[in-house]
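What follows is a set of structures for review.
The same chain A turns up in both complexes below, where it pairs with chain B and then with chain C.
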Partner chain A sequence: MIRIEPRPQPSRLMSYLSPLIAVALTLVTGIIFSGLVGMNPLDAFHAFFIAPIDDLYGLGELGVKAAPLMLIAVGLAIGFRSNVWNIGAEGQLTAGAIVGGGLALLFYQVDGVWVLPLMVLGGAVGGMAWASIPALLKTRFNTNEILVSLMLNYVAIFLLSYLVHDPWRDPDGFNFPESRLFSDAAMLPVVLEDTRLHLGSVFALIAVVLGWVFVRKSFVGFQMQVAGLADSAALYAGFRRRRMVWIGLLVGGAMAGIAGLCEVAGPIGQLLPSVSPGYGYAAIIVAFVGRLHPVGILLASLLMSLLYLGGESAQMELGLPSAITGVFQGVLLFYLLAADMFINFRLHVVTPTVGAASGKAAS
Partner chain B sequence: MTETVIGILLATLGAGTPLVFAALGELVTEKSGVLNLGVEGMMIVGAVCGFAVAAESGNLWLGVMASVLAGTGMALVFGVLTLTFQSNQVAAGLALTIFGIGLSAYIGLDYTSVALTGIANIHIPVLSDIPVAGPLLFSLDPLLYCSFLMFAAIAYFLYRTKAGLLLRAIGESPESAVSLGYPVIAIRYLAVLFGGAMAGLAGAYLALVYTPLWVEAMTAGRGWIALALVVFATWRPGRVMVGAYLFGGVTIIQFHVQGFGVDIPSQLLSMLPYLATIVVLVLISRDINAIRLNAPASLGKAYHPSV
Partner chain C sequence: MKSITIRKILLAAATGFMTAFTSLAASAADPFKIGFVYVSPIGDAGWTFQHDQGRLEMEGKLGDKVETKYIESVPEGGEAERVIRQFASDGYGLVFTTSFGYMNPTIKVAKRFPEVIFEHATGYKSAKNVGTYVARFYEGRYLAGIVAGSMTKSNVAGYVAAFPIPEVLRGINAFTLGMRSVNPEATVKVIWVNSWFDPGREREAADVLIAQGADVVTHHTDSTAVVQAAEEKDGVWSVGYHSDMSKYGPTSHLTAATHHWGSFYTKIAQDVLAGTWKSENIWWGMKEGMIDIAPLNSVVPAEAAARVEEAKKQIIDGSMHPFQGPINDQDGKEAVAAGAVMTDDELSKMEWYVEGVEGKLPK
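Take a look at the complex of A and B:
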């Protein structure tokens, strides 16, 4: 008989292995799924994981999609570590796009090297402002930050939709709900020729480094980790819970806001009613698969980016709907959560006690 | 004038009913100490499965059954993760929602432009002819009557039966319940599955009565609003009903404001239910004792009998 029993110590090995197991199981599920819907699993695998990145342009696209995920997930992980559940990255991303993109429209055709830095700052401020609402309500009124930050996702998207339908609509745009195209000074430069890989990917790498410094080297990072692992210990040590809520949400908001600005000033180049294919939600999965660690997040965001690209490629090559990406994102997180059990628990094969006792007697 | 008011009230009932189903289901789940944030995911998979089965079979009631089964199936995934595999309930609930939104978009591809005739209203003879009360209470659709029955049944179960008492006890202290010999994990499974079935029913109401259509992401955050309603109601079924119809009203008002000649852009009006959710959460949460006294004490904490 097999019994589940707690380990005396959480397994370090399992905490590194578990994401790999989850990825492998997701792959197996994908192969079985493609077989079930009558496709050659090899073709499906090729279309999903090889075809999107078999040239330089494809590799650039991998970075284009990984950059926002990396930025957001590094920020979210800092909150998650201390049990601050910011689920509002999608809204904070949108708020960053609104403020940063609004600055681009305000300084339309103004040529100046200061325009872009101002927009990046605007993106961060927009995201932080949006995240400050759940932070304020949590610290002042004890309001659940999960529900508030999530509600604000819908509000931000309606706000953006209103802006591009009415006040910020392109005057020469035949009434389409979209803003003017940003002028060149307001666009992030491409960092790798012949691709769309833009400066945002550099921001993302900087975020990973800063995130690592914050987690490993700063006292606040340490306090937040303690609070996440043992709230009462943190309280006893006199760490201020409110400050952690504020930091967790503001850092997450700033990163998501910059990610949003990078989307509109990078691959999109204008404001549209929708500026993100769910990066704010996917980044939650990236943060978990990356073990809330900046380096893990770097790898996980590349993987998640490949899932997005694979979904698009499978749509073109196999006629599969791109919604399949969301399904596999969810499946990946399911497997990860299940595999994580074995960090704290192990399977113990129980030999029947009666047999053991009689064996002893015989010897 | 009376016609208009009756119309608005009926629309409010309709808009509130998906929230009634989903929030009552989540209430039972949370009373057992389990926080399932996947309501949105269970609801939307329920909606698409109900719609697809109804469209294929031509039988609306088969659709409703499919919704219930689909919601239950989704809840089973959550149950296995959190109750058997001891996962973090917040993370598992989020995963369920992300998965559900993707899965529903995939299943629903062929049904986006399909039209269905929704479930018809039942006109109770004689009673439905009473002015005002007749149309408001005695000629509603069968699922709406079902929501009233579910409310009565859940309130009775939780506060008037031994099984209900046991469920609440497990939510307060699973350790004590186990030491008395009750199968805590099994009972929590049942509570989670019931929550899923109710979320599926909420999806059925949306896709087969309220719209009746399938549109991608059509639940539009109603699952999350239902979660907020449970907090707003401080875990009491009666207040869940009040809250659900209040939100139904807020949803309906946005369609009528412009009719009254108030010129507000539709996108800003669409924000109303979400902003209202935040406002009521603030109002109820600022009284920290109301939350502490009423929330099940073990809510959201993983529990393993051998720990």
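Take a look at the complex of A and C:
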């Protein structure tokens, strides 16, 4: 007989292994599944995981897709670690795109090296301003930051929609809701020749390093970690909860804002009614798959991007419908949650005889 | 995350398998490769469905001379460029990008792949290797308006619309003009849902319009939600769009303004194969068969059906134009003088409501 019982303390090994187990099981499921419907599993594997990145351009695309996820998830993880649940990254991203992109339109055809840094700063400020609303309401009135930050996503998207429909509409654009294309000085430079990999990917890597330093080396990072693990212990130690709420939300907002700016000044090159295919939400998944750890997030964002690219490539090479991407993401999360159970629990094999009640623990 | 039932997965897998199988069979003769980029899932009615019908019709007519592939649910903006480029770099000689938001990405990719030919739907930017195409949707709308105007008892029609861009405004105005040509009392209420495809919001908007007294509802969005909303209410009719949606409203669906891209796709592919293709701005209507209306519901009186038939004939032979004066704008001011007809250029920039449309146009 096998019984599930709680571990005396969470397994460190399992917390590292569980994402790998989940990825492996997802692959196995994919292979069995494609075999069942009569496809060559090797072809399916190739279409999904190799074809999208078998050339330099593909690798560049992986980075283009992963950069915003990485930036946002690193920022969110800092809040999540101290139980600050910022679900509003999509709105903060949009706010960053509005402020940063607005600066690009303000300095349209102004040729100066300061334009781009100003825009990046504007993106960060925009995201932080948007995130400060739930932070203020939380610290003043103890409102629920999940609800407030989530609702503000819609507000930000409508604000952007208003701006591109009227005041910021391209005057030569036949009334279509789009801004002008940004001038060259307002575009992020490409860092890898012949790809779309832009400076935003460098920002993302810097964010990973800074995130790691913050979490591992800084006192505030330590305080936030303690608050996340044991709120009353943090309170007893005199750590200020309000400050953590502010830091958690502002850091998340700044990162999301920069990610938004990088999208509009990178692959998009103008303001559109919608500037993100849901990066703000996907980054929440990335943060958890990456164990809220900057290095984990780096890997998780690459994996998540590969799933997106693989979905497109599977449509092209195998004629699979786009829903298959959603299926794979769902399967991956399912296995991750299942495998995560074994961080706190273990299987205990119990022999039914009373004499051997001590049993053997299979960990 | 979308919920995915096992049935859908199996269906998806089966479709994928079939497509893979047919493309395998066709690859023997080394055919000309043609790619399609779709903005929403194909589904079984709507904008993308009609484009896919066009793709299939072209395949049927040109047989093994061509091989087609599509990618569905490609978000507008930064994502699209990768997908379009993927087609171009994979040896596709002709790529159809079927949504307005693909305009700038199409132009960008076209610059890098001068030997590949692109056709972009509903946009206004072209290049040496980029043609544009759009249909005179408003012709179908005008006829559908005649049907709606003959059937309404409350003299109020409801219109669920996506974005206030010229294409959508032409549709609303033509529908209103059609209604008022047979029923001068008729008015049209509009709700904007700010999305091309959002069944939930489309449904809510339809319910609100019905609650406000509309007894005919129509839509310029991608799903069948509005038709279904009408079907569930007594005494409310619906007018579909893109596709004949009568199977979603067997009793209430009056007709639909329908799109037919097949002959256009076939012609373009033939031109490219023959080497006679050149970049053009194509705007086809009923005369060329790109626009039609679905068979009328049997409840539509014969007299109204005859008027529709007559108007259709006049539009085709050019003796009548939906936007011929006198037309007043919403405030009762003359917008088009008696005897004048709006030019294509004016139509392409339309940003005002005709008399009879209620509510302010969002700017």
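A few points about this structure:
Operating definition for what follows: the second predicted complex is superposed on the first by the 330 of 363 C-alpha atoms of A that agree within 3 Å, B and C clash if a C-alpha of one lies under 4 Å from a C-alpha of the other, contacts with A are read in each partner's own complex, and residues count from 1 in each chain.
The rule is short, and it goes like this: contacts are C-beta pairs under 8 Å (C-beta built on N, C-alpha and C of every residue); 3 or more make two chains touch, one makes a residue touch a chain.
None of these values were measured; they are calculated from a predicted model.
Shared-chain residue A:15: touches no atom of chain B or chain C. In the superposed pair of complexes, A:323 makes contact with chain B and with chain C alike. When the two structures are aligned on the shared chain, A:312 is found in touch with chain C, with no touch to chain B. Once the two complexes are laid over each other on the shared chain, residue contacts for A:288 go to chain B alone; chain C is not touched. When the two complexes are overlaid on their common chain A, residue A:331 makes contact with chain B while staying clear of chain C. In the superposition on chain A, no contact is made by A:132 with either chain B or chain C. Once chain A of one complex is fitted onto chain A of the other, the partner contacts of A:161 extend to both chain B and chain C. Counting contacts by the rule stated earlier, residues 158, 161, 165-166, 321, 323-324, 326-327, 329-330 of chain A appear in both its interface with chain B and its interface with chain C. The touching residues of chain C, counted against chain A in their complex, run 1-2, 4, 8-9, 12-20, 23, 41-42, 69-79, 81-83, 85-87, 89-90, 100-101, 104, 124, 163-166, 194, 348-351, 362-363. Looking at the complex, you find that chain A touches chain B at residues 4-6, 85, 87, 133, 137, 140-144, 146-148, 150-152, 154-155, 158-159, 161-162, 165-166, 281-282, 284-285, 288, 321, 323-331, 333-334, 337-338, 340-341, 344-345.
Those residues of chain A that touch chain C in the shared complex are 33, 36-39, 57, 61, 64, 158, 161, 165-166, 173-177, 181, 196, 263, 266-270, 272-275, 277, 309, 312-313, 315-316, 318-324, 326-327, 329-330. Taken in their complex, chain B has these residues touching chain A: 37, 77, 80-81, 85-88, 90-92, 94-96, 98-103, 105-106, 109, 216, 220-221, 224-225, 227-228, 231, 265, 267-268, 270-271, 274-275, 277-278, 281-282, 285-286, 288, 291, 304, 306-307.
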